[in-house]
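Each of the next two complexes has chain A plus one other chain: chain B in the first, chain C in the second.
Entry: the complex of A and B
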């Protein structure tokens, strides 16, 4: 090809752009790779200096993550029957025995309940509110929307003390419900604003056509608007989940036992039996999985296109 | 099918009055046009009949039943939107069957109805296609299919041809009119295109600023405009207005415009003040004998006729004359007005004076 196009980038531009993208990817992915590999290192390799890039993989970090262990003397160890499983063997190699399961599983489950619960609630309420703001004459609409947005104008943690007192009075401290409500309150402004933008873009004629075709307002919303808003709902859900999944400060402050999520729990692993970095890294690695899976599952909804062309613009 | 009666219908949006007390009647089976410039309230009126807007006051009777405050789904009417508004997440078949599904019609019957409608509209081969890939005309047909599939009491159409290419619009207009004649369905059709309204409508309502200016058959509206707005809005080029100050008596059939005595239909009311002599371009002819004279500025050749622009003592005039009649720019020619087709207007209010021409068609008297 001898001619060049003003809209198509040249191969040189593509090369530069590609290099930049790869460099950026390497920089952002490196810490993740480091955490992933540390999870499979032995405690000695994990703190080796200079750091080891090649190492003998071990599942010790994962075993330690899910168990509590007690140190025993050599005589006691010898008196025990042979280990019944591969993970018991790993623990015994360190002169220890498994005392019981750790709390990681529970904390992880708490994160799932609270993260997905608040995401569902934020998106559910946000969609209804956004639809109302988009379609109906709401008195003082602009003021209300600004008020909703203004809840995000300071860092949420700035109101930690009032919230702490409020939760204590209401008996919401260290409860799943309390954390779901709290994260929903933080996420809802984002959800309303994002979704309002998406719903504003859906032509009213679709609902009006459904109203004429014999459907109620709610049916029109449910059967015509919601499928159109799927893209917006999916991306809003991802944002909400990422926030409530990763939230640390409120979780430290307001949960300690029954409702503690994984983020405040993972650092406490360090204190049990020395600085167990592989176990921490293993906890962090597993913690990343649900958000990744969720994002990948919803990714296809992020692709626009099904609505294109049905209405002439 | 049903007749629709609108009585004192009014719609306000805050301080803005979109439609001021309107009353008219749409006969059963009529193809009824709501015509006017954008922002005149025609679409709001249509949406009120359909139930997409609730009137501030006034009544709407569909088939003798007052439905003014009822939701759209309880009015049994169909609506064709300008932008078609086909459900984008459904294919053609589901789009058409959607109004039937809401009634809980059995599947077998739905399938039969959809087949029947697709035969009428000639869209049988695209039933399983997604709507996003369709051409404008096919979308329009699908939108029509969705409207006719459930045999509603009436059809509402909001500029349904507005989104089509000019070439295709003509064809679709014919198709629409043929469909109407075949189904004999009461149809209320909104348009800003006067040609479309004249071509397709049985009756036309001309609206401006939320007020009904005139209501009648296309012929009455064209030949006997009730107001200067209607006279100006309908017809291309529009009616010529010769402004003059004078006095007319009931029973007289001439007026004096700039010392020239011109014929008018016999007047039925006296008037004194600023008047307007309204004459359509085709009612002016060029003749050497004419005492009212003008200078030719330009002529536009249109095939069978030509439009000649003339400068006269009362301003610019346009005359439509046969194209084989020679005219030269700069020429001073005599003009003859076909007096029987003239309408006199009160320049202040814009309303037509009653005469033997427009007797019985003026609503404001």
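Entry: the complex of A and C
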């Protein structure tokens, strides 16, 4: 490439474009920054007017997120032994005592179990199917691939009616297993399409060489193809994980207690007279930050993931 | 075992190699690998779909499973298609679809075009801009109700800062006229990066030499934009619109958390309306017919659109 090209934008153009994009980025990130900061505000600072940018950080939101509390009278508070920990102190300052842990921990754990369970299953099944679609003559290949994709077009609520009835009959309502199977079925279309793209890019010559060396098809698959596809499998897994992690419609309709994930739970965190915004923000922060980290790690494959492999860059 | 080409190859190879290859034939492996996926999709997608079709001809109510179920023919379909409220829901959905796609294409394409000026650090900013779209719509939507609070909300404060209006004088979520825009704003905030990323891929796929040739022909920048940039990006842009269209037709989580369909039912999009019929009023048969109508609509519109998209690609 030459050092000077007539298609290269001028430095003034670059400067203007850069300023506009950075301005957009700052505005668009404000709501996210607001979530992060509100989690560390006291309830009074959170609803101050004008909105507070500088404030004294407090962990009250996080304490409220993980505990349930009951109000006590001044005399009762006097009679109590001195607080054993910093978080008890925070709660006592509001004339309350800790009654027990909140459900947030359980709900978060449910999200982890269901997320990882369904991700493992969909990537496992997806890799097998994608390999077969990529390498073998499968009858009606295009129809099957389109069928797999079309399952993603149905509105979740439309499928939820019979799934609700089916789960009730099979005793899968509000169970981890039920949700794992359901999310696997939703994610598998993404897994197959993405992985097929990744495997298509691995030259067939590698396997053919292995076959000539005396490997069986199966050995060639897991000793040659799988290691080559590792990056693709990892990014597919992260996309599946993010989907299960964020999913709300099925979760709110099919779970209520033991298997409820965090998205339907976080909006129900309430304090005295309405939502306890610092606690909601704290819960949201813990829930959203892992996805932000994954997004940054995934940035090279992002486009592929969100378009089902249609755009590869 | 049938005599496939692979089997013939196996017979022709030396015995020492053949012993290792034998194992499973390619065809068996292919079926073994594809079958679990297809089976799972049949069980969790197709079987329920058939069940829904069957339920749509009945007056079944899921909250009274023991009551007798009567087949009512096409009555559910008839009632849905002649119901004025459902047409209002469809209008709300159309408003939401049109404006979200319009704004996202406009802003997304502009951003992609600006990022493609290749200023220093554009990769970093692209990654940061993309963040909102990867987050949980329900959790983020819930938090936006806080940003939209009159007086204390950051959004209202920002608007009053820019226009001088009193921040407690308007309610984005509570107001009948503003609520449909409140969901458009949040969806646009969330999904503009999606359109942007796809447009950026389109812009980067245009080879420099086309512009160089145009430059030699003394084509103006304006003309280059309309005769080279736009047509080359169009297939990408149409793909982005397809994805956003399907997703927003199904829209549920974000809007449920933001407005819950209110005030009244001005933001009650089809999925929310369907959820009310199915899981609050428990009119399972009626809701099933509704679900089928929606599915056929999405599928039909998407198929027509994909045909158009392929035509554009061929040009």
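Just so it is clear, the second predicted complex is superposed on the first by the 268 of 313 C-alpha atoms of A that agree within 3 Å, B and C clash if a C-alpha of one lies under 4 Å from a C-alpha of the other, contacts with A are read in each partner's own complex, and residues count from 1 in each chain.
Throughout what follows, a contact is a pair of C-beta atoms (placed from the backbone, for glycine too) under 8 Å apart; a residue touches a chain by one contact, two chains touch by 3 or more.
For clarity, every value in this text was computed on a predicted model and none was experimentally measured.
When the two complexes are overlaid on their common chain A, residue A:59 makes contact with neither chain B nor chain C. Between chain B and chain C, C touches the greater number of residues of chain A. Touch criterion not met for A:286: it reaches neither chain B nor chain C. Within the superposed three-chain model, A:215 lies in touch with chain B and with chain C [touch as defined at top]. When the shared chain is aligned, chain B comes close enough to touch A:224, but chain C does not. Judged by the touch definition given at the top, the superposed model places A:203 against chain B, while chain C stays out of reach. With both structures placed on the common chain, the touch criterion links A:97 to neither chain B nor chain C. Applying the stated contact rule after C-alpha superposition, one finds that A:155 touches chain C and leaves chain B untouched. Within chain A, the residues touching chain B in one complex and chain C in the other are 211, 214-217, 306-307, 310-311.
Residues of chain C touching chain A in their complex: 16-17, 20-24, 26-27, 29-34, 36-38, 40-41, 43-45, 47-49, 51-52, 55, 62, 107, 111, 114-115, 117-123, 125-140, 142-144, 146-147, 151-154, 157, 167, 189, 192-194, 197-198, 201, 204, 208, 211-212, 215, 236, 239, 243, 246, 249-250, 252-253, 256-257, 270-271, 274-275, 278-279, 284, 287-288, 291-292, 294-295, 298-299, 302. Those residues of chain A that touch chain B in the complex are listed here as 203, 205-206, 208-217, 219, 224, 227-228, 306-312. If you check the complex, the residues on chain B that touch chain A are 50-52, 71-73, 77-79, 81, 83-89, 98-99, 102-103, 131-133, 136, 139, 146, 150, 163. Only residues 5-9, 13-15, 17-18, 20-22, 24-25, 28-32, 34-35, 38, 47-51, 125-126, 128-129, 131-133, 136-138, 144, 147-148, 150-151, 153-166, 181-182, 184-185, 188-189, 192, 211, 214-218, 221, 242, 245-246, 248-249, 252-253, 262-264, 266-267, 275, 277, 280-281, 284, 287-288, 291-292, 294-296, 299, 302-303, 306-307, 310-311, 313 of chain A touch chain C when the two sit together in their complex.
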